[in-house]
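Per-chain residue numbering starts at 1, and chain names A, B and C are given in the order in which the chains are listed.
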Amino acid sequence: MSRRPPAAGRRPLGAVVACAIAIGVIAAQDRPARIISLIPAVTEMLFAIGAGERVVAVSSFDDYPPQVRQLERVGALLDPDLERILALKPDLVVVYASQSDLQRQLGRAGVPTYIYKHAGLAGVVTTLRDLGARTGHQEGAARAIQEIERGMEDVRRRVAGRPKPRTMLVFGREALAIRGVYASGGVGFLHEMLVAAGGENLFADVPREAIQATSELILARAPDVILELRAGEIPQSQLQDEIDTWRRLASLPAVRSNRIYFITDPRTVVPGPRVAQGTELIARALHPEAFR
Amino acid sequence: MLRAADVEFAYGQTAVLRGVSLAVPTGGFAGILGPNGSGKTTMLKVLSGTLKPSKGVVSVDGVDVSRTARHTLARRMAVVPQETHLAFDYTVLEVVLMGRYPHLGTFEVEGPADIAIARDALAATGTSRFEDRLFATLSGGEKQRVIIAAALAQVAGAAAGGGAYLLLDEPTAALDLAYQLEVSALLRTLQQRRPITIVVSTHDLNFAAGVCRSLVLLSEGRVLAAGDTGDVLTPANIRALYGVEADVRTHDGAGHLVVVPIARVPAAGEG
Amino acid sequence: MIRPIRRRLLLAVAGFGTLAAASILLAPLAGSTSIDLRRAFDTSLPFVENVDAQIFFVARLPRTLAGALVGAALAAAGVVFQGLLRNPLATPFTLGVSAGAALGAMLVITSGWTFGWAGLPAIPIASFAGSVGAVTIVYALARARHGGLSTNVLLLAGVTLNAFFSALILFVQFFADYADLYRMLRWLVGDLDVASYQPILTAVPLLAVAFGVFAWLARPLNLLSLGVDGAETHGIDVRRAQRAAFFSASLATGAAVSIAGPIGFVGIIIPHLVRLIVGADHRVVLPSAALFGAAFLVGCDVLARTLMPPVEVPVGVITAILGGPFFLWLLVRRA
């Protein structure tokens, strides 16, 4: 925001000062100085666009970038700590769309909020842009978006023309059992990452973000590749046990050709500025030859 | 002969029976009488072996009850509780057949002989026509008679040998007047048909007078008096036991002693 | 004239047994995908290539067998608990067994432990351990007086434990993250998709013990219906019978819940339906309930997986939809 040069002729000093203060107040509102983010993906975005220094508190589950470890925690989706949030005197709080109670309470307290809606890859770009506008870091946002688009384009280029393996993208399963298997349906950013990475989603026809896949369903659909996304490291000894668990469904092409992969990198599960890197990780599992 | 020798029993710290001795001859009909809290029901449970006395011995035909296996004792001694509330919808015949369980091996099932005994018992109590009815649909008196039938079925074999015992806890307490008379009549006739020894605990003086040939008066866990009904049921004993002035006389119509309470005896210190 | 017991028992076992056998034989034929049965049984094809055989023998048959075992266990345990507590409204979950199992499972889900043992994954082990814990606490509480086992105190202890453990479960759920929470909630509605014979083989010895004790308990349970006073004088050791009933029914329930989660309503619908058909004698009710429970749950599971393919309705939802109205009808009928 640039100041207009003073008009020709004499102006009362008070008016100039008043103008300056008004402009400064408006500018301050455009640039919130104390931001609280309840969504880890959004926290990553804030840091990526350059607003990281203004973040004063994050959710209980935040982990990246490393700076957040120093920050205060104020709960998460189910247990936001209103008192602590208010005590930190934020001027912008990023909340989930479903946290209607919290939104109401913050509204009553006069604290501005940004409502985050969880969506697909396009949603990541939109949110980045919104945050850029809201925090006055439009350039930072544009840069982050560009980086994502470049990364995604790079992946798409590499896997273009290669046969797409029918892939089951599993993001949840009971340990050591084929029970409670949750796979990505044909909607949502996991699905979009998979498609961008050159895979065909086994459950592309399911119009939901997640499907609990029964053993019969998995056997019937016969995936070529099983990709399991896990949080946290898996010790080597257990890894083999987990792969062996899938052997119970012996007829799966994924089992017979030994294409069962575990990815424990959080970049694959956070719809934030690093999605392109997450997509690349998936692509490397599906099309290793494309990355030599 | 059912004998108790210096029996003591306490619930936790509360002493209920403080040295009770009694003897009921085979074929006898004894009543244990006393006000609430005198220990009648406890005494009956001790006699049947359900409760173990802290001191003293209960013996059936000379054998210590506490040394007898439960099912062995159950084949000779049956107890009719004051009220029976079934949790599920059993038929009358099923209830009476439960009386035969002490006679069955672990996975044995009632045979024709058991069913015959059960039907016999129903006939003896005049409840044959209820055989296929649900127990829960009967009236109070009818239920009581069915439970007595079950008890008879339980001790049938021993009865033939002369060594059966039937214990009844307050058999008329929950019954209407008509049913009280019914049960009294039933108990009297039972002993005519088969040799069983009957012991009832009751607080109903007239019922006791009507059926029991011998009485044991219990007061606060001790025997106040014991002996033939005529000798024991006196105004003096009633005064001592219940604190009530009463008239005891033979009623020609009823054919036995009746007790008419007249007035409360004021306790010492009352005005 | 009502038939003698031996004949009634034979008729009941024959009738319900046929139902159970038919359901076990027919259930694997149904599913969300259509398979070629001849191909499934074609032994000339190697098993690993035979998708039809895989679906039949890995996906469908284990869950049918699991459904039969769990249904039989819960129904029979329901009968025994009702007999023990002398209350037709008692369920296998009244005395806290499933609350303990749920707490065990929740703790494992939220802690992310992935230990296994003897080929068994963590959640079934933890859920069984949880039910053992709950049963121990309830028994210790109920035993505190006179060394006997007052059913009133048992009921109170069970209800209290249910409330306490439910509060703990809420506590655990509150601090769980979204994904874990979702997994917990799905475990609570039950799932028979075992995809392996291992859980079944592990549960069979436990259930065999429980059912063996049930067979012995049939007559004592009849006598317990007379009331504790009535039962004592019929020559049985009432305390021993009560203990046996409590522990065997808890064992059956704990094993069933560790296989498939807490599937409700089976333990109360089946005992009632069976009593309506065969009468109240536990010697007939127990085997009938076990067989009918097996058939019922297998049937519910077929519904669960064929109603809305490819999505599977949780089997606990099916039993609840069938059981809720039935229960209301029962209450109205009794009134």
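Just so it is clear, contacts are C-beta pairs under 8 Å (C-beta built on N, C-alpha and C of every residue); 3 or more make two chains touch, one makes a residue touch a chain.
Only a predicted model underlies this, so the values are computations on that prediction, with no experimental measurement involved.
The central chain of the assembly on a C-alpha centroid basis is C.
Compared with chain B, the chain whose C-alpha mean position is the greatest distance off is A. With centres set at the average Cα position, the gap from chain A to chain B is 81 Å.
Our note on geometry: chain B versus chain C, Cα centroid distance of 43 Å, whole angstroms.
In this assembly, the C-alpha centroid of chain A lies 42 Å from the C-alpha centroid of chain C.
Of all the residues in chain C, the ones that touch chain B in their complex are 1-2, 4-6, 9, 82-83, 86-88, 215-216, 219, 222-227, 229-230, 232-237, 275, 279-281, 283.
Here chain A touches chain C in the complex through residues 61, 76-79, 171-172, 174-180, 206, 211-212, 214-217, 219-220, 222, 232, 238, 241, 248-251, 256, going by the rule given at the top.
Of all the residues in chain C, the ones that touch chain A in their complex are 31-33, 47-51, 53-55, 58-60, 112-114, 116, 121-123, 174-175, 177-179, 181-183, 186-187, 191, 193-196, 305, 310-312. On the side of chain B, the complex with chain C involves touching residues 48, 50, 70-75, 77-79, 81, 84-91, 93-95, 98-99, 101-102, 104, 106-107, 109-110, 112, 115, 131-132, 154.
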